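In what follows, chain A forms one complex with chain B and a second complex with chain C.
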Partner chain A sequence: MKIRIIFIVVVVLALLAGVPWYGSASIVQFGIDALLTATLAQGWNLIGGYAGYPSFGNSVFYGLGTYGTAIAMAQFGLPFWAGLVVGGILAVLCALLLGIPILRLRGPYFAIATLGLAAAMGAVIANLGIAGRNNGLILPLFRGDALFYELALGLLALTTLMIYLVSESRFGAGLIAIRENEDAAAVMGVNTTLYKVMALALSGFVSALAGGIHAYWITFIDPGSAFDATLNVKMVIMAVFGGPGTVLGPIIGAFLLSAISEVLAAKISTVAGLFFGGVIVLAVVFMPKGLIDVGYGVRRLGLSYFVQNIRQNRL
Partner chain B sequence: MTASEPKPIFTARGLTKRFRGLTALSAVSFTQNEGEILGLIGPNGAGKTTLVSLISGTLSPTEGEIEFEGQRIDGLKSYRRAHLGIGRTFQVMKPFPGLSVLENVAIGALFGTGRGERSRVRARERARACLDFTGLNHRADQRADALGGPDRKRLELAKALAMQPKFLLLDEVMAGLNPVEVEEVIALIMKIRANGVSILVIEHVMKAIRRLSDRLFVLHHGEKIAEGKPDEVLNDPRVVEAYLGRRRR
Partner chain C sequence: MELFSQIIVNGILLGGLYGLMALGMGLVWGVLNIVNLAHGALIMFGAYALYYLFSGLGLDPFVGLPLAMLILFCFGYLLQRGLLNLIVRSALLNTLLITFGLDAVFAHVAQLAFSADFRTINPTYAGNNFQFFGLTIPLARLAAFGVALLLAVLLWLFLGHTRTGRAIRATAQNLTAARLYGVNPRAMYALTFGIGAALAGAAGGLYGIVSQFTPYIGASLTAKSFVIAILGGLDKPLGVIGGGLVLGVAEALTALYLGPTYTDVISFGLLVLILVSRPASVFERA
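On to the complex of A and B.
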């Protein structure tokens, strides 16, 4: 069983890693975007899916990674890897400083506070001289889509490995307990504050790395694109669509929705958004626990799985 | 050691809790002895649950101090008190709804007293033993939110037991149970005490509290109005009045 799973993982990774050799240039570009978005969805999975804190501030970490890398490279002439480190550190610091007060809020209050964070951070950066104010920054040009693709794939693979290890660990069990009932978790011995902050920091760290890779690949960044609130909505939808609090759900959700939106945007751009929204509403009604749960549910209950979901939504 | 020499494991001094204007608990002091079953009764709204929450760290007191095994703990957060060996159930039950019954209980084993088991496998083994003990084994793989009332009560108890607490606070675990189930829970509590656990029992079922408690104290409007041997306390005119006066309204 275990050997079979490892075998499948290796084959899938090898196939994905080979894309730059057998795929077209536009496939590779789509791949970079999809892999980075999937990494963001996975990062969100940790705080939103496992700990149950629906963060709408993860784009802040992404933006800090973007700017950390850009400032290090464009302003200080540091190498790319150093930029990634700077971005990662900035995101972790931000998660530690802001996480402690914000993670005291629960449910919708937490979501709203994090949403405010994204807007505020964009405004701060737009007034910083070192960050190029409103004009943004231009990074050194580096042509090598294949390399960026492999970097993005590597980041997603490592992030997923981390999620897997967390899900098997005592830490992961504590996060799930917090999600299911925080008061009960606390009196049973879970250090809820520490666990939540750690989840947010880890989540922020991988999001920042994704931002750094994206910045160097795109070579031009500004506050609007780095602290884009719709990016937040996107990662939440992808993780929830695929299956929050599962190891593979967010990746499946991200790949599938990225592909659908790519196809739709190319064909019928005006209807695309509407269709996309409709799909998401239906998905939330019929499969609130994501695509990955549909497989188990239908095998266990047949079509009444969907009926049960509708009932749970009290429709 | 003989039973004639009671050794305190927990002491509360002058505990007061105010919610804005309302004084839910007013200068309550009491001592819990090691290996003792201490009963706590009082009409609805008397402050019993508030007292449990102050002990478990779910709420912090407005005034007063508490001591566990000779150490001040009123500055400690809930999880640290759990690590020291204080476990509680919730009157308004708080299961982990989306997890299986076994996983619910395993959380108690994975954390709990002495920070619990390190390995999830051993935590699950301990959880199985607690399910056996509380008669929930046949429900192990069901989701907690699929359980009926009595089984939810058992789950609440099993979760706390899996922590292997030294001091266990039971907030109305018999409420809503039929007489047969009440007997089962009484037997369970006796067995838990036989393992050396000190227990604070809050109950409205008088028959149960009379049989279980070594000592008993009564809260009324947030104040301790009586304390002593169960039979004496239950016949105390002030206690009778507190209950009857309530009923007349």
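On to the complex of A and C.
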């Protein structure tokens, strides 16, 4: 069983890694975008899916990664890898400093505090001289979509491996305990503050790396794109659509939704947005536990799985 | 000093409208436990409803306002009864998600139906102002402020002093107990959401009188309403108006002393600080 799973994972990874050789240029570009968004959804999964803290401010870490990399490369002439390190360190520091006060809040209060933080951070950066204020920064040009694609794929694979290891560990069990009942978890001896801050820091670290890769790929950044508020909602939706608190759910959700909006956007953008919203509404009504759960549910109950979902959640 | 008091007055007038925007969101959140991310889109619908009543039927905006509220009430009632009641007991994330989806649907439907052009509701007296102790007071903004206050007081009286209002508050406090006392929660939820939508409609209509709008104003108004609803203590109408005034004045002062690029730093920084230091609410006892 275990060997079979490892075999499947290796084959899928090899197929994905080969895309730059047999796919068209536009597929590779779509792939970079989808892989980076999936990484963000996966990073959110750790704090939102496992620990149950609905962060709407993970774009803070993405933005810090973007700006850390851009400032290191454009203002100090450092190489790309050093930029990534700077961005990652900034994000982890931010998670440690701000996480301690903010993770005391629960539910919607935590959500809005993180949302506010993302907006405030974007505005601070827009007033900072070293970050180019509102004009943004231009990074050295590097043409090589294939390289960025492989970097993004590698980052997503490592992030997913990390999530898998966490989910099997004592740390992961502690996070799930916090999600289900934080007071009970604390009574059972889980160091809740430490666990939550660690989850946020890890989540921030991978988001920052995704931001750094995106910055160097796109070569131009400004506060509006780096701290884009819709990005927060996007990663949450993708993770929840696929199945929060599962290892593969957020990836499936991210790939599927990216693909849908890509196909539709090529046709008519207004109808695409309409359809996107409609899909989300129907998904919440019929599969509130995410796409991953539909597989198990339908096998067990057949189509009455959907009816049961509604029966459980309606008034 | 004159500039300072003028800025304060502008902030207060704007803050009243902010408070009205947040009133419906806070009510729905406090009673139904739904953080309605489509609230801004309902405000946007309110603006268009009043726009067509004004330009199509030639009604005076302040006469058309109750009609726009009625339209939004029916829309909200049906939306809750037909769709949101199906998911209201699921996890917080799911209610966030579905209302976000609705927001996208509403914005795009509005763009298809009303086009993306900038609109404004422009009665003949829109540009009038009067002088008051050396301060310039725009008439339309003052009227909008008055309507906002009036609606907040009416909502406060309704929730506190009528049978239906008490039933709504009972549902918010304990659904099971309310049911045992003969409250029909499905109808009560739909009624609450309808009232929330009607208040959004009023806010949207007034917004359309004092400012320009497009199908895409919803998202930023949702964010503002969110902040104010929390500042004000959700289903406490007078507190929410207070929260709106605080944000209006804070934004006006920031724009004056630090420059307009800092307004977001201050308003959201203020929010985070308040949340961290006093999670319950600032105007709890209002």
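Annotations for the structure displayed:
Here is the rule we go by: the second predicted complex is superposed on the first by the 314 of 315 C-alpha atoms of A that agree within 3 Å, B and C clash if a C-alpha of one lies under 4 Å from a C-alpha of the other, contacts with A are read in each partner's own complex, and residues count from 1 in each chain.
Keep this in mind: contacts are C-beta pairs under 8 Å (C-beta built on N, C-alpha and C of every residue); 3 or more make two chains touch, one makes a residue touch a chain.
Note that the coordinates shown come from a computational prediction; the quantities given were computed from them, not determined experimentally.
Of the two partner chains placed by superposition, only chain B is touched by A:E168; chain C is not. Number of chain A residues touched is higher for C, counting chain B against chain C.
In the superposition on chain A, contact of A:A34 is made with neither chain B nor chain C. Contacts of A:G189 after superposition: chain B is touched, whereas chain C is not reached. In the overlay built on the shared chain, the residue A:N181 is in contact with chain B alone; chain C does not reach it. Of the two partner chains placed by superposition, only chain C is touched by A:P244; chain B is not. Contacts of chain A with chain B, set against its contacts with chain C after fitting on chain A, share not one residue.
The touching residues of chain B, when paired with chain A in their complex, are 56-58, 77-79, 81-83, 87-88, 90, 94-99, 106-108, 110-113, 115-116, 118, 120, 159-160, 163.
Taken in their complex, chain A has these residues touching chain C: 48, 54, 101-102, 104-105, 107-109, 111-113, 115-117, 119-120, 122-124, 126-127, 134, 229-230, 233, 236-237, 240-241, 244, 270-271, 273-274, 276-281, 283-285, 288, 310, 312-315. The part of chain A that touches chain B in the complex is made up of residues 168-170, 173-174, 176-177, 180-181, 183-193. Touching chain A in their complex are the following residues of chain C: 29, 35, 83, 85-98, 100-109, 111-112, 185-186, 189, 219, 223, 226-227, 230, 261-262, 264-265, 268-269, 271-272, 275-276, 279.
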